[in-house]
Amino acid sequence: MVNMAVDLGGLKMRTPVTTASGTFGYGAEYVGMVDYSKLGAVTVKGVRMDPWPGNEMPRHAEVPGGLVNAIGLQGPGVDVFAAHYVRHYTRQVGENAPPLIVNIWGGSVEEYAAVARRITEAVNSVIGALEMNVSCPNVKAGGHTFGQDPKVLYEVVSAVRAATTLPLLVKLAPNVPSIAPYVKACEDAGADALSLINTIPAMVIDIETRRPVLANRTGGLSGRCVHPAAVKLVYDAHNVTKLPILAMGGIYEAKDAIEFFLAGATAVAVGTATFTDPGVIASVHDGLVAYCERHGFTSVAELTGALA
Amino acid sequence: MALNEQSVVAVHEDAGPGYRFLVLEAPQLAAVLVPGQFVHVRVPGLETTALRRPFSVFDADAGRVTLLYKVVGRGTAALAHVRPGDAVEVMGPLGRGFPTAPKGVPLLVGGGYGVAPLHFLAKRLKDPRAVLFVGGRTKDDLLALDRFAALGVEVRVATNDGSAGAKGFVTGPLDEALDGLRARGEAYELFTCGPDGLLKAVADRALAAGMPGWISMDRHMVCGVGACFACIQKVRRAGKIFNARCCMDGPVFKAEELVW
Amino acid sequence: MVNMAVDLGGLKMRTPVTTASGTFGYGAEYVGMVDYSKLGAVTVKGVRMDPWPGNEMPRHAEVPGGLVNAIGLQGPGVDVFAAHYVRHYTRQVGENAPPLIVNIWGGSVEEYAAVARRITEAVNSVIGALEMNVSCPNVKAGGHTFGQDPKVLYEVVSAVRAATTLPLLVKLAPNVPSIAPYVKACEDAGADALSLINTIPAMVIDIETRRPVLANRTGGLSGRCVHPAAVKLVYDAHNVTKLPILAMGGIYEAKDAIEFFLAGATAVAVGTATFTDPGVIASVHDGLVAYCERHGFTSVAELTGALA
Amino acid sequence: MALNEQSVVAVHEDAGPGYRFLVLEAPQLAAVLVPGQFVHVRVPGLETTALRRPFSVFDADAGRVTLLYKVVGRGTAALAHVRPGDAVEVMGPLGRGFPTAPKGVPLLVGGGYGVAPLHFLAKRLKDPRAVLFVGGRTKDDLLALDRFAALGVEVRVATNDGSAGAKGFVTGPLDEALDGLRARGEAYELFTCGPDGLLKAVADRALAAGMPGWISMDRHMVCGVGACFACIQKVRRAGKIFNARCCMDGPVFKAEELVW
């Protein structure tokens, strides 16, 4: 028996597997196709204060080994989310619904804090943690700018920290020369954990129409092709911090998740792969158990940073 | 609640130039699908990371689900290679379908592979008054007409080049019929699937006549289940305009909801 | 007849296709397998002052859709390069040998300048341009550090500019929040063109041995999987500068190269794809001609930035 | 100068448990390959971006190139599926091979698929004195012995488990033979290909005896032509130690050049 429980900066997860924000709706969409008992948490689509329409269509382009998306953080706003979607989630998934990690964003430091406060006040026991998105490449006024400069990052994380008692994850961008200053800013501001990685800025051009495929012109790359880059960032971050890391980026099978653990992750999120095969979540979970058994680990937590 | 069924190819055959019928043994899905819903297919032969492809249901009966599809790109090209006995992962039932208790004469209007959900609809309607209006560029774009005839559905055809039926757009025969119904004071209900231009033409007619119009939208999809917001369509509901998810809030919308 | 000639910051290329540094040796290795008449230049492996051993083995890991390498810039030093390899190249490739773009690097600003000076003084007419590598992720003391900070970048490019009269390309790293400050530093320092992109920092872990596959632990990702990210960087750079851009990153067919031109490239380099199929170079060239013909472009130079 | 030939599979057959012979119609390559050189194969069935896989040449004759390979990973697993008539892109001739005019009794020492280049060598040497020493864990690792016998090459075998020939390492029979030759004052020349441990053992013996030793190294490769520096081996030449490219400066090195 492998102990699959992990503690992600105060969020107790019964398994170290969650979903990546934006690839699993508000948590109930995959009922019937995903075995929720294998999830230690469900991470939902980014939420901000007011309803947000997102970008024009088309919002995605399939590329070899991945996906480029520019959804643009569409969402109903925090009130509808808290009132409607959270209830829908618990009702649909049932008794054993894993805790929610609520991904949040805003157009200003104040908005980030306000969204965090509103969700914290909702006092719904299914809400387990907040994940601050400061790294979405698809909204100009939004997340990305806050994550580009360690000083601004420190400010916005500090403000959210002051606004919530929930475990606080900060989701960082992959396109930085070195992750260290960003990690330090999060630590100093009181974050409980890090999420790595968000999508990599990317672009696809239709050479026949000579136009960008996405209405937003550019988007973010996810899927298998980003995995080796994500492993490196998790490894780098783990080398400079004791903060636990939620790792994501191109997990399609247990092997990909195990690489993340060995590089330093405490938990992992399955994202783009779910679109192709919702069964990936269960097979990552089961593959982790099998790997621990085969390699003599009694607890999945021992895998974190366990390079030989 | 949707499920992901491991189906097996039973029959795979031509349905006209560039079109194919794919019949899948999928008893769980066949039992629950309703007309206008779609399935999300993992195409064998594509790389393991490839996205699924959405297809309307042409028929669901006796444990089998039939799709009618057109080869347009690399996904459908790969799909065309599956053979009887091959396994195909199919997610469904997805989305909201057509209502199947019309308040008037059911008028079905299709273009290209848009006739697929209309066939399943006609079969479930079992309404002897149902008429299919179908258009295409040439007679090669007219699909499965024999299958509609077998259901006892009257078929009225238009082609741009006049190679079959009336010359011109399908709105020609449709407007004729609408005039007749209006003259007789008969209520009718419009159901349509096809290119955006056709959908809008049909929606406009439903709105103008104050008759119900059910419009099935074709939008690029990623997840197919409402999880990603890739497939939006602007709609007005309860006075508010918002971006609905076609895969979850649609693909069938009411004519009056749509904001074009 | 499509005019395929382009001017890459003073380097006259008879076609807009070259090779990516480090994937084409010193230029003669593919004689017999590549049609050199379709190349407008040949870009050679990074050269520094003294011989450099590179990293330990293993130096590569195959990943889906690409390659992670940590060669570590092995090379014989500028003197052996200038004396032996340049001569070997002209002898082997013959009369119509395309000009060489010599990729250079160093451990200090002074070394960069010294290598540039030595190559410039070699006055060998086959040497067409210098490409400064300030973005290799695989050598700690080397290139990368110079490319991470726009101020340091300005300094090192200025020093090389003062040391050479050859057309000067600067090859930038992809892992930056925004390419603009780096582009500006290159412009201000007098660069003639930009090369985009170098490899993306990455890591592969063997989960059975629980060790990084590469002796260097981490490496750089190249190949098809980096293409959408590379297109975005070329697009961004082209939006903020008039400097011509040599684009590279995951070109496997003409379509990939055409995306780069439409995004703003003046010329393109084929890299990792050559390992799998040396014929990619010719098919990219021929596909470009066919595309121009089909779309009514009389000169490939018209494609640059030609988004509709 | 290497070329990239579009070969066609002529024969593909088992060569022992987990081992296969692949015979390719490749007249251009067959005409120029020399023993110890290798070819770089684009494996059909792998994704289009996959790297090539390097293989020594087992035989090159009458327009055909034969490889002897072991299924060890995904590339060789995919290769095992090619069928007669399939096209396979093969790059070659690559690297420096063995000298084929030995100054003494040619002693060939192989392990596993390392016998491949030694077979081609034996065939070209046409030296009745040639002896093959071959080792393996069990008799299942002894490959193509009949093919060596057909060339008139004497074969001396050792297996770790004693299931064929002498029990123990191949160095047992080899040392016996070396003792005999030394006793008779006969010159010999060593040629070897196999696991690193074996290569070092043979190189040490050549150096100790002051006899020529030719060592074929197996290093992970990317380009195969000297363009990428992925495949290095430390060597000493003209007093200087440097990282040689196995694909270009090797794969065959002189025993005294190698720095282990």
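The letters A, B, C and D name the chains in turn, as written, and every chain counts its residues from 1.
Assume a contact is a pair of C-beta atoms (placed from the backbone, for glycine too) under 8 Å apart; a residue touches a chain by one contact, two chains touch by 3 or more.
Keep in mind it's a predicted model, so treat the numbers as computed, not measured.
Under the touch definition stated at the top, chain B and chain D share no contacting partner at all.
In this assembly, the C-alpha centroid of chain B lies 50 Å from the C-alpha centroid of chain C. Look at where the CA atoms of chain C average out and do the same for chain D: the two points lie 36 Å apart. Each of residues 64-66, 224 in chain A touches at least two other chains. Across the assembly, chain D contributes residues 47, 49 that each touch 2 or more other chains. Taken as a graph of touching chains, this assembly is arranged as a line, each chain contacting the next along an open chain of partners.
Contact annotation for chain pairs lists A-B, A-C, C-D, with touch applied as defined. Contacts from chain C toward chain A in the complex involve residues 63-66, 68, 148-149, 173-178, 200-205, 207, 209-212, 217-218, 221, 224-229, 231-233, 235, 255, 258-259, 262-263, 291, 295, 306-308. Here chain C touches chain D in the complex through residues 22-25, 29-33, 45, 51, 53-54, 57-60, 62, 64-67, 69, 71, 74, 223-224, 252, 272-279, going by the rule given at the top. Residues 1-4, 42, 47-52, 89, 91, 219-220, 222-223, 225-232, 242-243, 248 of chain D are the ones touching chain C in the complex.
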